[in-house]
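Chain naming follows the written order as A, B, C and D, and within any one chain the residues start at number 1.
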Amino acid sequence: MKRVLGRIAGMIPVLLGVTLLIFILLRVVPGDPVSILLGEHYSQETIDRLTRVMDLDKPLIQQFFSYVGNAVRGNLGESYTMKRPVTTLILQAFPSTVKLALMAAAIAWVIGILAGIIAAVRQNKLLDHLFMGMSLAGVSVPIFMTSLFLQYVLSFKLKLFPLTSDGRLISLILPAIALGWNSAGSIARMTRSGLIDVMQQDYIDTAKAKGLTKASVILKHALKNSMLPVVTMMAIQLSSMMSGAVITESIFSIPGIGRLATSAIQNRDMPLLQGTVLFTTIIVIIGNLAADLLYSVLDPRIRRAV
Amino acid sequence: MEKKTKQTGIQSEAHASDIGEKYGWKEMLHQMWKQNPLAILSAVLIIAIIAAAVFAPVIAPYKEAQQDLTARLQGPGMKHLLGTDELGRDVLTRILFGARVSLVVGIIPSVISLIIGLILGMIAGYFGGAVDYLLMRLVDIMLAFPSLLLSMVIMYTLGRYANSVICIFAALSITGWASVARVVRSQTLSLKESVYVEAARSIGVGKFRIMFRHIFPNCIPSLIVLFTLNVPSCILSESTLSFLGIGVQPPAASWGLMVNQSKQFLFGMPWLALAPSITIMIVVLAFNFLGDGLRDILDPYMQTR
Amino acid sequence: MAKENLLEIRDLHTSFFTDHGVVRAVNGVDLDVPEGRIVGLVGESGCGKSMTARSVMGLIKSPGRIESGSIKLDGRELVGLSDRELRSVCGDDVSMIFQEPMTSLNPVLKVGRQVEEVLLVHHKASTKEEAKRLTVDMFERVGIPEAEKRMSAYPHELSGGLRQRVMIAMAMVCKPRLLIADEPTTALDVTIEAQILRLMKQLCKEHHMGILIITHNLGVVAEICDDVYVMYAGRIVENAPVFELFDHKRHPYTEGLMNAIPKIGGNPEFLSTIPGVVPNLLHVGDGCTFAGRCAHASDRCRAEMPALYEVAEHHTCRCFLAEREGQ
Amino acid sequence: MTSNGTERGQVILRAEKVTKEFKTRKKQFVHAVSDVDLSLHHGETLALVGESGCGKSTLARTLIHLLPVTSGKVFYKDQEITKMSDRDFRLIGQKMQMVFQDPYASLNPRMTVRDIIAEPLVTHKVFRTKQETTDRVLELMEKVGVPGDFLDRYPHQFSGGQRQRIGIARAIALEPEILVCDEPVSALDVSVQSQVLNLIKHLKQDMELSTLFIGHDLSVINFIADRVAVMFLGRICEVATKDELYSRPLHPYTSFLLDAIPKPDPHLRDHPRRYLSGEIPSPVHPPEGCHFHTRCPYATEQCKREVPEMKDYGGGHLAACHCIRA
């Protein structure tokens, strides 16, 4: 418990750093937000008034702290273009992204781990080469390409799935496959190398000498040890999945966080961009924390050391 | 060799009399060819693509921006091997010229992030203490961002001031150095504890000499591997940014941008999107195969990404 | 001495097919372990002693494999058995303990469970409760204090000596006929080593089992073995009961080895040494593998491999010098 | 080569109440070395013996300034070196060199033998030209018995014994006065071990080295040492000349240790011997009083409370035990 609290406390500087970094990156564009807000025709007077209202005349550090203060209370400002609170927009978009990410993660984990185990067991045999080639291809193919390919073949040509998202789960299957395919590759490679590494350990010899057959050696002794590093992989996967969601959501027109981010960039909507990036990053940090804690629950060497 | 003998449990003491063997790069290439011919083939392919990019003006069938408005959106044929786009530009020519942008964008940010990551990682690992703490929190912060979103933010900010290719360099370097720093730091930490570094200290070798003579050379194998695996991920990031329309800006051409421009014709003329996509895939795959092969040879203990 | 042989190894060849060539790690080894005796297999690292033991347990890793020969346990041939058949023997009739107690136990499983598992696999216990009871009992027998409590410890929570005791408990819990111990005390401190050796001796006596100890330490051999095999570069070079071997060593290698170790009591100015290094098993010629380091080597030694000649009762030696003496 | 006019038998390195603690990640302290007094005389080989984790390697490292002490003082001749900065220590440091346990790990795999042996010479700018350095390296290689043709080979091309010879060549390159050998033969095979032990003994005689030899194998120490210090859990419990110690051990731990060694003579196997029971206590929570009392069959109430003082039992035979009746 102490460890959990310690880890949560350790998150705070990272969270502040993340906020500060986004803030600096976005606010080095002076005066910009106002002109975007007003469009083509405006007077100097209006600019000044708006600048004051939006705190843009205050020193940056003060702006930062008022932004953090507001953010903690759930207020991420108001979108320029949609004229609605950023928090509301994000909370509306979030469920779609969660659904997409969960489906993609399920696909990635099931395929990745199974392929990894089979490849490790059949090391240097045909199946191993086949799976590893496929997973390397999975890592190497741009997500937009998988997405466009699936869209063209399965939706456009074969008409098995809707072309774009319509809110039904079935319309999320293709984007989830496109997104999960990529992660499945890295998970399979990690699982394979982890399992092969564990199979070289002395205690595997012990297990064989005890009289366990190959299958039970793998299931009872090797798998748990080799899954430990894969758990840490979850966090990294979460981060890249969030990146991938931006692309798939854009291609399949899913009204999720990624869509929000792309449209914020296209419309130069600074508060919206700031809000979505901050929000996704926090999700990733929480994911990291969860993976870390899970790791320490699974590994007795860490668990008992507390 | 070392690895093999370890596996078989026959220690090197048994091989004492074959002191004559030397392991030069030729031996290594030979071994790699035996173990992993795909990696060598990939290296050849990469060299060929780099050459094609360099000599694009010579080998391309048309001029870089040559438009033929009478032959727009043609399918693959004899005159245009891979067809033409909506402005009647030859797709093959564009891919060849696009290779210049895509490869440069793949390589330069990798070099920059490698250098930054190496320096900061070594400093953090070797000096430890507060420096290490601060640098590692910075790395945590950088790694917490989904990289595409961070690049998007950087493109958003810098996009108005600089050429889009320069912006991509910046964006990919800023997002790329942190993972390099983390690997270098952990290597430095373990090397710092190694007996031969202690031996050097016992002789009286100074800190900086230890860093350059003992720690840095032992990091090189993983740096080579990191570099070969960073290039494809930069190429992927660039193509993704360009695909979303916030990367390379026309008239410059990159493979990602070509896919972006052909998106609107996807259902009618899929080959337009297919050609640059497949090019990206092949190049990235080649780099990944090479990186994998190099890792097996140079650094059997490095974890998969 | 006419006891029944528990383990009979005949002309065993185990080789590794590496990229650089074939390494003949075990090159025609004959070895017997009779019931109720402790047999030592000594040699320096890389001589193939561990590979001999691992061949028995089917633990040779790729690119190695048993090429030919026979390994009989209680008259039953082990070479050529399927994985499933071999596994039903291992841990039950024959079991093994390893050199590194630190890495030989699974770090994420409780030690109690790791021992219970052997009983369940070999159907020596029908319920988990029974397995647990037998395990606690075994823990007490091998001298693990607070056995009940230690059952739920993880390996990293135990000291090296205790871990090795857990390994021994694991190996003994099914009451095997034969125990193979691969450098069981090398990683331990002397005071702990003495405890473990005493335990093994006692177990051998109580269970009337055979023990094969693989070691490089002649002290350990002198301490607990009844019969000794000396191995060099993949071959047995000398075999004799322990007193016979130490009192009437015949092979120049055995002699060199015994003279090379510093002894308490003796105060030589310098130690006698065996010149040179162990030959590379990748390139062994036709002659005696020890010829390059042997002071008595003749042209014949360099051209031809001597056979094992019987020099006394139960004492064989692979050397042309012994051939002459033996006749 | 009588170094700086130091006489044989004079104290060259001395530890005074040296204590070394390490902080673990859990903010506990590992008491690696506690209150150790020890002196190394010129020209002698002093062996430091004990089981793993007793602090013998740590003690040796603090003596030659490789590790800072937590408290206490170390003197080189009459100069205190404990608080010297690395820069100030440079000159004295040349006089103290070390040979490491693991010949596989102690040589940088990416340096050639030439670079490895030349490193101390280059670091301390002993020679002006490369040729002079190379000549010296070749001379050193000959001295330790590594053929000069192997100058540009890498460590992985050598056997363990040869690597250890290279490590020794590196350590004697600066003609040190003090050589610390940290279990230099425990990773080697028996036939190679004797070669390396002979080499160390030769060099010691040739170069008038004062040697601190760390080991756990009492028979190796019997061969190489003049005097022996026995350590248990961070404290020295007995110091005596080799002959004294082996024939008349005073501290119970020493005699148990001597009893425990498996002797390479089967005729001795049935001699009555005593077994030390129990395990070595943790250096994080060492027992109160005498550290050995938890395993000692003779322990009294006094042993559980008071740390025994080191007493001289004649002829420089020191022991720290409450139960010795002199």
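Keep in mind that, in the parts below, contacts are C-beta pairs under 8 Å (C-beta built on N, C-alpha and C of every residue); 3 or more make two chains touch, one makes a residue touch a chain.
Remember, it's a predicted structure, so these values are computed and weren't measured experimentally.
If you compare A-C with A-B, the chain pair joined by more contacting C-beta pairs is A-B. In this view the innermost chain, defined by its CA centroid being closest to the centroid of all protein CA atoms, is B. Rounded to a whole number, the gap between the C-alpha centres of chain A and chain C is 53 angstrom. Centre-to-centre separation between chain B and chain C, using Cα means, comes to 50 Å.
Averaging Cα coordinates per chain places chain A and chain B 22 Å apart. Inter-chain centre distance (chain C to chain D, centres taken as mean C-alpha positions): 32 Å.
Looking at chain D, residues 159, 161-162, 189, 192 sit in touch with two or more other chains.
Shared interface positions of chain C, i.e. residues touching 2 or more other chains, are given as 44-45, 54, 277-278. Each of residues 1, 7, 11, 13, 15-16 in chain B touches at least two other chains.
Remark: chain D residues 64, 66, 86, 89-90, 93-94, 97-98, 100-102, 104-111, 119-120, 123-124, 150, 153-154, 156-162, 167, 170, 174, 189, 192 touch chain B in the complex. Listed in rising order, the residues of chain C touching chain A in the complex are 54, 57-59, 83-84, 87-92, 95-96, 98, 100, 103-109, 117-118, 121-122, 154, 156-157, 167, 170-171. Of all residues in chain A, those touching chain C in their complex are 201-203, 205-214, 216, 220-221, 224-225, 228, 298-301, 304.
Residue ranges of chain B in contact with chain D, taken from their complex: 1-2, 11-13, 15-16, 19, 21-23, 194-196, 198-206, 209, 213-214, 217-218.
Those residues of chain C that touch chain D in the shared complex are 44-45, 159, 161-162, 189-195, 197-198, 216-224, 242-243, 246, 256-258, 260-265, 267-268, 270-274, 277-278.
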